[in-house]
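Reviewing the structure listed below.
Chain lettering (A, B, C and D) follows the sequence in which the chains are written, and residue indices restart at 1 in each chain.
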């Protein structure tokens, strides 16, 4: 189906089902239960899951396939966001032109940066991309304030022209982003007993874009072009002596992943029409690196998992505080309880960065293939227990 | 899904299953069932405290959170009541707000506008917060304020000093208790003129972002009006850590005053560097060289250590104020936490109380009702004397403190001394000078 | 007029004259060996032929066109394939993929944005690759990671990859260096077979006399960066100059 | 003229920190072939050694001050450091005053231990892994280290003053015959610059004149050959890692009075120092030092207001701009060796 092989089709279908039913899957706990705080099925976070999923999928096309580690990819996301917000300010609140412009602008931006940076490889390439991104951030935060809004970020105002729309609504408010009148923030709720599920237009819009991106990524992975990119990672020397020019291949991969980032940026602006300069900072680029590695670089599903994992951590795990912990360990004797809470305390709540750092190190050390490899190891271990006599060969390349 | 029911959250929480089968699906229409966003229908109301818990302002955020927790305790009738006893409005009874118990959720702004909006959205969408408050920078305040406007909840700004928050970027749903750059300039200038004379030459170092620009502008205008000359104004990168190359040329320029339009880590570093260069021991134009820090914060002063001694600046509030409101607040905060509150803590505490009071007086949590109750509201007993929440731009007008780094601090909290309480009349300005448009109140309906 | 004409090529590295006045003519469909002691300039010469180095002087013509100043991939597209001393293959890819890449390169040129096709749908390429794998006797290993193969298999794969491009000139850089005797013999057999079955010109740089005399139609002896002698194998064997040049090093 | 001289002086000082960090990074890269993204964190740990020692010195007990009250109206209790009890007030105060220089002694064993532990516990397993993996794992380590520091020391900067003997500045310009106050230079920065020069000199002479250093240099040039000679190069490399960590740590110790240490100072310096290393040429020690000072001076020039007026924002981007230009025109950096890190 869709020109994909059976295995990939089922992967795509699984992802499609997961995203479509995410409002149910992410809200497994009744709203009145103590575990309700682990529910992640609210619009903003669900949107973030898929938008950062797109970002990571795109990053993975560059890093996972060609092995070029860009430390400046957030710049493209930022540029995309700015482009989209400008579209909202000047043209109108429809998200499609905004997203389109975001993709185009970040594509152009990545052509320029990629053309220069890709003249070097290895850590030199990483430093070049880092330098470009830091320059973009520094300028966006300061001298480019008229274009980027500087510290406060680029935001909509009541007196924006919006030539194809209205400057303000009848009630005197700024109009909200919409898809041909369907507002991104519109939400319907479904209540089943104590459970509550939220369906948000913005989420489903983003999710459809994510599925399209995912599909495109599968096609790229399975295409001769994708194979060439993996060949670049494997042996550039052989590429050159096989009559292949690596430069346009890497540049194409760079621009494609830049456009993915632009799409993510445009979607972010569509969900929430404000673009801040911080989303271009090198730490933001570091975040997408974390996502990709954590999930499994070079695998199809890994980056999406990694993005979801980190965003869940950032938004849910970070909210666990001592009171919650005391609740969990209340069954222990008092002294024990305090001790356990004391031990866990640095790792939870605002210490989530610490946990993330440790986890990330663990993954790089023990699971270079990320969560995907972890999953494969577990499943092969389970299978291994079922048929113990089967000798275990080399782990298959992660798909 | 036989027992399912498609409806709005508001209905769910009040009538539980009453509406089952009656309410027709109103899918994909923004809230028609509820009167306004996150209308509290149970026995409690949820407030969202959005403060920096990670990142460079985490300590300030922690102090804000302490203040909020204290405010919630007082609102629910716990503790000694703090400033509720000195507050001129007596609408609050210590039984929560409008009889509903106050609960709160917290979010981490990370002092990034994106992250701050994400955490605010999560509190609105997931936890049903009906009001968002807090924050430790203007970028965040403006970003979150705009979000609250869209979402239809009230935003009570925390520490934000840029003119933009209630100027160019003001919003009908947003309210600021904290003072701003303009007021700092207006309050500082006369004191500077009095202490340092009218013919000074000032050199500005300005953090290269919105807040820096407005602060420089404010201090420049007001000091120049006093007869000072501005020799130069140099922008410094936000990410700078070593300011030596900006500070070294100051003496060459013939300036005899250095104004550091910096906050947070920038301020700590630039001030430390300036003192290292021995600027304050120098004699220029036969005058002692002086340094001015327009916006002081005690937590930041702590970072700069002994370098703040004798340096003038302005602040929103300080724990050594001797009015009844301040004393009551310092007492309950100090008793609970063991040290005096910062100005960020004070402003956050006051904002929480003001919001609660406005709800009581309006008789509703509806943001438009609350906004109306806050607009033009005059009150006293909250630590800054008589205060007005101006209707035109949702900015509080109150006395501004001019402070100086203390020469002989008795403790690690006792770093600043109050030089003058500038009366509100001197710092009031016309609401139109910063442009912007409040728009109309949005309740999300 | 040979298919490869090297005229008066010289190359300096700082104070070292690596090549000087090198003249070489490789006849079409022959197997030409370049031998010489270590440091004679064999590898430098080879690198000048494939675009890795640009000589300071002289000319290198392939099939009437100059290769100088062209990038390695352009020279490959002209019809020169190179086999490296240590096999250069795509270790992270499967054997089948390794074999397909040169075929794509031959068909699509140096770059093509074929991002929306699926490899498995490229029937023609797949067929060619499978055929070549059969010829190389490694069809059973097609799903293996190339890096996991034995050294001999890697060498065989690399040669297969080069052949699949149907090059007019195959350059071999000490193809049996570091190999066990059995692997060496297998490689010799393979090369012999290639020589007999295909219309292909082979230029080989080699240290191992056994390999050289098993394969070469013509031999150039390089010493201190300049050709000492060029002749048929049987004449080279008895040439005293050659013995002298080699005696300093090894027998 | 005097303005330029002034910025050169400033730049040298800024450059000292860059050069010291870059020197350590290059030692690690050159000897072990490892790209260490946690190097900035080592610098930060060094600075926090200063903080810790001054806190240790200032450990105190409460003494009630009669007649005075604290902010809540309770009797005021004053902190009296134990050192006052042990050595008397004046000696005690002097020791506390000199906490930062004394921290050098305190920091050396700590940093060596940290470096040793890092190499044996983590880096060792990454020699054979791709550079990208090394970057990633050390990046993770940097996050962990900075979060740990933040947990114990808070997010705010912690003032750590230099001894009072070094406060203030001296008039360098007057010495050279310029107008007074045109070129002033803080004493502590002079100390820092001298300290950096001494450390750099020590590292170079150590590598130049000791057998140990010779082996290490040989190892940097060609790791396999030295390994074949039967020299236990790995153990020496471990020691080198410890030394590199100590260099970064000492740079941090002495830096504490210049800017109050905070938990993210390592990350602030990391990016810059990597740029420095790349500009200098990966694996070239003189290159790292040269590039450190060069970029420091350039950064100072770019922050002159005449320059900013001419090209707005140049002070924000100068370092990155220089890095891009150098990398594109001199691919291996100023003094880089061929073939290093090119894959």
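The rule is simple: a contact is a pair of C-beta atoms (placed from the backbone, for glycine too) under 8 Å apart; a residue touches a chain by one contact, two chains touch by 3 or more.
As the structure is a prediction and not an experimental result, all values here were calculated from the model.
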Of all chains shown, the one whose Cα mean is least distant from the combined Cα mean is A
The larger set of C-beta contacts, choosing between A-B and A-C, lies at A-B
Separation of the C-alpha centres, subunit B versus subunit C, in whole Å, is 73
Taking each chain's mean CA coordinate, subunit A and subunit C are separated, in whole Å, by 46
Averaging C-alpha coordinates per chain, one finds the centres of subunit A and subunit B separated by a number of Å equal to 33
Expressed in whole Å, how far the mean CA point of subunit C lies from that of subunit D is 51
Each of the following residues of subunit A touches two or more other chains, namely 138, 142-143, 353
Multi-partner residues in subunit D (2 or more other chains touched) are 313, 316
Within subunit B, the set of residues that touch 2 or more other chains is 54, 58, 208, 235, 237, 239
Which chains touch? The pairs are A-B, A-C, A-D, B-D
Given the complex, residues on subunit A that touch subunit D span 67, 69, 116, 119-124, 126-128, 130-132, 134-135, 138-139, 142-144, 236, 282-283, 286, 289, 293, 346, 351, 353-354, 356-358, 360-361, 364-365, 368
Subunit A partner, complex, touching residues on subunit D are 35, 122, 125, 129-133, 135-137, 139-144, 147-148, 151, 267, 271, 274-275, 278, 282, 312-313, 316-317, 319-321, 323-324, 327-328, 331, 341-343
The residues of subunit B that touch subunit D in their complex are 54-60, 208, 232, 234-237, 239, 241-242, 244-246, 248-249, 251-252, 265, 268-269, 272-273, 275-278, 281-282, 284, 299-300, 302-307, 319-320, 330-331, 334-335, 340, 410-411, 413-414
Within the complex, subunit B is touched by subunit D residues 2-3, 6-7, 9-11, 13-14, 17, 68, 70-72, 76, 78, 150, 154-161, 167-169, 181-186, 188-189, 257-260, 262, 264-265, 268-269, 299-300, 303-305, 308, 313, 315-316
The answer for subunit A against subunit C in the complex is residues 3-5, 219-220, 222-228, 230-231, 233-235, 237-246, 248-249, 252, 256, 394, 397
